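Listed below are the structures to be examined.
Both complexes shown next keep subunit A, but they swap its partner, so subunit B is in the first and subunit C is in the second.
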Partner chain A sequence: MMSEVAQDEEKWLGAGIAGLQQNAFYMHRALDSNNLRDALKYSAQMLSELRTSRLSPHKYYELYMRAFDELRKLEMFFKEETRRGCSIVDLYELVQHAGNILPRLYLLCTVGSVYIKSKEAPAKDVLKDLVEMCRGIQHPVRGLFLRSYLSQVSRDKLPDIGSEYEGDADTVVDAVEFVLQNFTEMNKLWVRMQHQGPAREKEKREKERSELRDLVGKNLHVLSQIEGVDLEMYKETVLPRVLEQVVNCKDELAQYYLMDCIIQVFPDEYHLQTLETLLGAYPQLQPSVDVKTVLSQLMERLSNYAASSAEALPEFLQVEAFAKLNNAIGKVIEAQVDMPVAGAVTLYSSLLTFTLHVHPDRLDYVDQVLGACVKKLSGKGKLEDSRATKQIVALLSAPLEKYNDIMTALKLSNYPRVMEYLDNGTNKVMAVVIIQSIMKNNTCVSTADKVEALFELIKGLIKDLDGTFDDELDEEDFKEEQNSVARLIQMLYSDDPEEMFKIICTVRKHILTGGPKRLPFTAPPLVFSALKLVRRLQGQDENVVGEEALATPKKIFQFLNQIIEALSTVPTPELALRLYLQCAEAANDSDLEPVAYEFFTQAYILYEEEISDSKAQVTAIHLIIGTLQRMHVFGVENRDTLTHKATGYSAKLLKKPDQCRAVYACSHLFWVDDQDSVKDGERVLLCLKRALRIANAAQQMTNATRGGSGSVTLFVEILNKYLYFFEKGNPQVNIAAIQGLIELITTEMQSDTSTQDPAADAFFASTLRYIQFQKQKGGVIGEKYEPIKV
Partner chain B sequence: MNYLIGAFKPPCNISISFVDGRTRKQVPLKKENGQSMMVPLFQSQENIVGEVVIEPIQGKKVEHNGVKIELLGQIELYFDRGNFYDFTSLVRELDVPGELYERKTYPFEFSTVEMPYESYNGVNVRLRYILKVTISRNYVGNIVEYQDFVVRNYTPLPSINNSIKMEVGIEDCLHIEFEYGKSKYHLKDVIIGKIYFLLVRIKIKNMELEIRRRESTGSGPNTYVETETLAKFELMDGAPVRGESIPIRLFLSPYELTPTYRNINNKFSVKYYLNLVLVDEEDRRYFKQQEITVYRLLETS
Partner chain C sequence: MSSRRRMLLKVIILGDSGVGKTSLMNQYVNRKFSNQYKATIGADFLTKEVQFEDRLFTLQIWDTAGQERFQSLGVAFYRGADCCVLAYDVNVMKSFDNLNNWREEFLIQAAPSDPENFPFVVLGNKIDVDGGNSRVVSEKKAKAWCASKGNIPYFETSAKEGFNVEAAFECIAKNALKNEPEEEIYLPDTIDVAGGGRQQRSSGCEC
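After this line comes the complex of A and B, so read on.
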């Protein structure tokens, strides 16, 4: 059905064009033979094609453009005609004999143009007559096009200042008057268009109407181009008149478009100077008009204007732009009761942007805007509208972007209050934005108070807000968020240890509210942050002992203990264990034996009670061994207890190879190179032998279950340990033992049953190569190695 | 003119000419056969002076009972065909009875002739002025020759010329107020006016102004009225809304108007009306007719 209509339209347009061309042809013939009568006759007939009501504005435009081209030729002819002695006044009358009004008026405008050029009458009189006569066309589309034609032909003939058509006194007033009148009439026609035709086609009509808007807006453009429209005239005449028309037309589409047009076509400086008048119009617009967009655009332009030149800034202050805009927004929101919250927030957001551009130094303004926003939002509860929340995010992000400093935002008392109105999800998004801003700018948050405020802002990330359901959360997003919090924690830093400790306490207070899901993310950075502090304190020695120092390593370790304890209940025993070990190491560096011992105890308890997964156990035991090996703070007794325990754990691992590896790793616990107190060669050998036994057992087990002997990797690994201790001078590890092991491995490898394991072969080969290499080195080492036969 | 020559071969040629024939303005006059010819133009109280030339055809003599010239003002009603009514009749004797052998010229003069009515060529009526030369003869028919001329009378600017202003409407449907600048217009005048729309509840498609001529002939039960629309001038295209005012500017010069004739010799009247017509989308017509007076302005230049 639609296509049928379109087809018909195409047909009508075709017919219209054909008719137009035919008459244009006769008209040309008349023009060529200087036959004025025929020229008028055929041009009128040609223009009659424009009387159609069947075409949509789009198609009508096509027809109009063709007629327009023809009229240019006719105008040339008229000009020649007057040169040949035909009186322009007579011509002006003659064209008015046409019976049909539309062709008559097109011809009149065409002759009128020549009339003005001839300067036989003042331009203003001719223009006035034309614009008056055009009232005869009340059909919206035809009227709009006719007036648009008038506007087109008269553009270069306005009695503007400096124009050749300028008359004696104040003719620019007439020029403005003419354009304004044409604008007014066109707007009326345009607005009226919506009421033409059946109601069911309203939507289509509105679309068509929208296509025609530039015809109307062009007038404003012409106005802005008139040289004589200075600020004074703009203020006194142009703007009030245009606004009057805009307000009175009571049409949504027109008001929106025209307000936008005004903002776009006239210079910013004018807007600034007439801000009050301009803004005064906004509350009077129809409630359905998208005021926020237009107003936002205005503010955006003004912002850019302010940014463009430094000279403009005093003007802003002078006209109190901020106060006026703020006021106007308040009024608009008041006037448009139905305006969605999103709209209001958009307005505030634009105002904020404006403020940030124009008055970057006025934080109180920013806070004022936020305050107004809070007021608007209050009593509404959390926002449900996604657009509104999006706008709030924009609103809140703007100061961050501008100041590049979260500190400034923290100074804004209304900032957190606005955030409260966000729903939980968005709150989080906002929090992430804040964190990102901090990251990006490397802002260091350096006092506990600020940290407190900051965490208040991002509390959406820190803890479960009411009404959030865990199952709604996307695991990945959650991780992302918490990772960003973790990064944030790293950014909190103060040079003053006392302050730093306060910061850490504040952070702890907050993250402990975060619940088991968050702690694994947030605790580690805090722990490391605290450990960093500890190390800093070490550097300062104990010269602060006398004072009532808050931040002593001891206190911090106590504090750490609490945190990790909280973490172990989560439960994430592996993580807690690692942290305990880290702490133990730190305590070791601070020479706090009891503390270190306590941490180890905690780690062991965790190992025994919480870590049941065999793989986790393997990892844990290696970590324990590694850490313990480096501890130097322990006395013999404590160390014995701990090493004994560790060796015990190692032997109780589930898988033989794991056992073997753990056990030979334990050997290092008894031999620390730079610690003379810990060099117990016997127990080292014991460990290695035990490892060999286990390796053997593992080999046999493979034999039993799979047939064929297992890999020799374990043996090679043990051989390497032997070599290590041999090299370090452990007297218990002797050539014979090494030699025996090498032979064992070689035999194993040559036995038929052994499974081929290229990695093991290569490992063994390179171990042998190492021995060779050491031999060739000569010197003490070479001598030492010399007896080993390979 | 002398189309009877071939058939009956009248024995002489008659021609009528005016002394100022060369300088006098000539205007077109439509003849009965539809063709136009140029004839001299006079106005009331002018002297009509000229001469009649009678030229017998070679070798013939014309016997006659006298030659005369008449100036006739006639009203011819078509429904009463052939019945001329002479409202003016002046006679000059040119020659006593005798014989004509050769070309003879007779000067004539009608001084300050009263010609109160203008020549008019209407639908049902014609008012004409003629000069008629008659050579009376016995036995055979008289030889007659006619010369038409046109009379136009000029009027000075009327001292009172009120505008026509009126509010009309259909209750709750359409209320308009229209205004024509004047009630009396000369033939080359311009009608200037305005239409205000006070209330519009119908869907108007367009509006036009018609100039209508009403010619009424006869009297009493035999009155014939003929109305012609001489001009249809579109004033507005599309539907206006309340408060709109539409300008009127209609030049009268392109139309063939005559002055208003009121009760010409009790035989006929010609009146002019402006008819304002509004057409709605269903092609219903709403109109209001107003009489205007048309006059012939004395051209000063």
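After this line comes the complex of A and C, so read on.
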């Protein structure tokens, strides 16, 4: 649906076009018959359509373009006329007889263009005359379009250097003077427009003014295209004159737009060489002008320029661009008291980008910018404005991206101070950005001091800030964050064991503040990092380690004990148990019996006191058995105590099948292949027999509850254990026992009541196949298996 | 009358900011080039006389702002164009990708009566940069796109070195000339016997 106003406008435009076409038609006829008088009459009538006040700038432009095209034909006609002998001076006089001033001036400009081309008068005189005459139109829209017409038709006739219109009397100075004058007049018309008409239409007027802006700005484009405007002339004439207009017009829209135009239409070199003048204008602008955007655009342009060519860099240094920009920003922020924090941060962010591009080696500049930012932020508390925080993240990310190295950022004393002003959420985002940078670049953080600084920087992830805990926290986000911290811990490394130990201690200090939710994520990587260090120390000659050395395996194990203890109070006993066992194994490799024993004891205490879930118990007991089986450091006594306990735990599991499996697994605790001291065949057999009893009991229980016999799986599993020890030469495990077991299983399977269990059948069948296979092997093994009948 | 109309050929150059539209026009019309980047504001044209089959034509070449914020008055100047030049920078993929948008935008706004056959010419500019090492749009790719849009003539140019610019604009002029003029045949519905013109509708000041 078109609004009524828009419909009306379409109607007016339609009527305007119709009137224009009608008069153009008669004008064409007059042109075809070389009737100058009629041609002037109808063209003037045609141009009268541009006298309308009813069209918005957009629609007016459409009408104007049609008139513009028609005037090109008239212009050609004028050219032909002069070729036919008509005096251009006479023509110039003649068109001034048109009744209305607007058509008269359009015609005058059109003839004027031919006049200049004829070179019968100096270009500058004609231009001066035209630009003065145009003062006759003070209606803003009409005046702006008329002057834009003048600008367009004179565009290629300016006495620029090297132009055919340059002469003794005409110089580029005249060309510049002409454009500047036209610009000044247009800007005045444009600025004045806001004061015309009723106050209630202010918004509409602002919109219309905004549409008209390019007509004014185009003059600056024309200036920039004049070849004779060299740096000298730009510096001495063009820029001061343009800025004078911009500052004095005291109009927000004009100031914002024209500053942007100046930056965009003139070349970078000019800006660099006139930085002081240009920047000097900023604090003089109206307080409502969005200076930060324009200033940021300037810095962005200069940054790109610096990045584009290495040859440009010395220029930047020569003019002390950084100092000037820094100074200007300070002044602008000072002058615009009401500038929102986001605005100020945007400015600093642009300046930082500029610095990183232009002076990548000047870390002090970077720190200076951050420091200025801190100053602006101080006393404001945490930022809550989302735009401002976004800008700060950009500000803080820039050095990371540039240097690809967090170590550089850590050297910036103001870096953490800026982070202080972020709200907790953004602080975390920034911390993740930092960790990602480390990951991406494989940055080596290799001293405890650096680690300290780094963890201080990312403390948003390490602990609850301000003691508040956000209940709304997204579980997945939290995991993601903590996993990234875990990865970071793995990245910290020093070749020097002493330093490495210090790093580990520093990390511990920080992660212990993280509370029960974070420790399960952060403690394991630290434990493994410390274990890695232990392994490194094992490779070293004992003597190398001095007496006062901190990093001895013993000390590290002590340290580990504390960490895991903290974890067990979280409580995550299962995780703690795994870590204790891991440590026990490491202590075993370090030949530290008491330490290994201590870890086992801790694991057992946890098992007894904290792990109550039956499934968790099963997992835990198998871990314990597995680890204990591999230990070789223990003397008989310690080993007995531990295996005894493990067997005891196994027999006390909740479910019979679990008991059975754990008990037969315990058999391995008494028979270790590569340890001659651990070959107790009798106790192996005891375990297996006990497992059989439990299997029996399990089956009976199934019989009682389900009315049918249970699966034979457990028996087959035990049979396999028998075969294992038989093969390993355990004298207690003999043919008769194996034979008996096979028969037992066969009978069970054939009984009517047995439950169908294809998996168990297959398992048994393949076990028998194995026996068969071993028999056929011949040799020692074959002989050994020979007596077994299947 | 129509002979006078046909003496003027209107050409519009479109393309992303910084691809070298102004430089191409300046190189062709003035044989000048500047390395400095200067944004264009609004629309602006230069003219050049060209001889073709023993006739003299005036080529009216419209250079446009590539940055949208410097095109505040809209694109009424597209009207009556005889040929549209689409320029891109062979070193910037985005500027090539955007050709399609520029072409469609032009067809919508200028609304030529026969959009299928409206003459376009594509220019891949800045082939001189870094000895061609930084180019990201291959000639093959550009030609394939031109072929898919109804065999648009394609030229690789360097406004800086003046390479191929003359040839490109010759082709542009030739195609502009081939374009059937869309002269709106206007016949006045009433013959104004009195010859006094229409009533002035303007209100406000008498300028």
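As a convention for this text, the second predicted complex is superposed on the first by the 748 of 790 C-alpha atoms of A that agree within 3 Å, B and C clash if a C-alpha of one lies under 4 Å from a C-alpha of the other, contacts with A are read in each partner's own complex, and residues count from 1 in each chain.
Keep in mind that, in the parts below, a residue touches a chain if its C-beta (ideal position, glycine included) is under 8 Å from a C-beta of that chain, and two chains touch if they have at least 3 such contacts.
This is a predicted model, so every value here is computed, not measured.
K.L.:
In the superposed arrangement, does A:227 touch subunit B (first), subunit C (second), both or neither?
P.N.:
Touch status of A:227: second partner only.
K.L.:
Between subunit B and subunit C, point out the one touching more subunit A residues.
P.N.:
Partner touching more subunit A residues in the overlay: C.
K.L.:
Taking the superposition on A as described, I'd like to know which of subunit B and subunit C A:720 touches: first, second, both or neither.
P.N.:
Neither partner.
K.L.:
So, does A:217 touch the first partner subunit B, the second partner subunit C, both, or neither?
P.N.:
It touches subunit C, and subunit B stays clear.
K.L.:
Have a look at where A:237 lands relative to subunit B and subunit C in the superposition and call it first, second, both or neither.
P.N.:
neither
K.L.:
Give one of first, second, both or neither to describe whether A:51 is in contact with subunit B, with subunit C, with both, or with none.
P.N.:
After superposition on chain A, A:51 lies in contact with both partners, subunit B and subunit C.
K.L.:
Looking at the overlay, does A:641 come into contact with subunit B only (first), subunit C only (second), both, or neither?
P.N.:
neither
K.L.:
State whether A:32 touches subunit B only (first), subunit C only (second), both chains, or neither.
P.N.:
second
K.L.:
After lining up the shared chain so the two structures overlap, which partner does A:96 touch, if you call subunit B first and subunit C second: first, second, both or neither?
P.N.:
After superposition on chain A, A:96 lies in contact with subunit B alone.
K.L.:
Which partner chains sit in contact with A:132 here, subunit B, subunit C, both or neither? Use first/second/both/neither.
P.N.:
first
K.L.:
Under the contact definition given at the top, report the residues of subunit A touching subunit B in one complex and subunit C in the other.
P.N.:
51, 100-102, 136-139, 142
K.L.:
Mind pulling up the subunit B residues that touch subunit A in the complex?
P.N.:
Against subunit A, subunit B makes touches at 206, 231-241, 244-247, 249, 251, 253-254.
K.L.:
Can you check the complex and tell me which residues of subunit A touch subunit B?
P.N.:
51, 93, 96-97, 99-102, 104, 132-133, 135-140, 142-143, 188, 192, 196
K.L.:
Name, in rising order, each residue of subunit C that touches subunit A in their complex.
P.N.:
Against subunit A, subunit C makes touches at 1, 4-5, 7-8, 22, 26, 29, 32, 34, 36-42, 44-47, 58, 60, 65, 67, 69-74, 76-77, 79-80, 184, 186-188, 192, 197-198, 200-207.
K.L.:
Using the touch definition up top, name the residues of subunit A that touch subunit C in the complex.
P.N.:
Against subunit C, subunit A makes touches at 15, 19, 21-26, 28-29, 31-32, 45, 48, 51-53, 57-58, 61-62, 64-66, 69, 72-73, 76-77, 100-102, 136-139, 142, 152, 155-156, 210-215, 217-218, 220-222, 224-225, 227, 260-261, 264-269.
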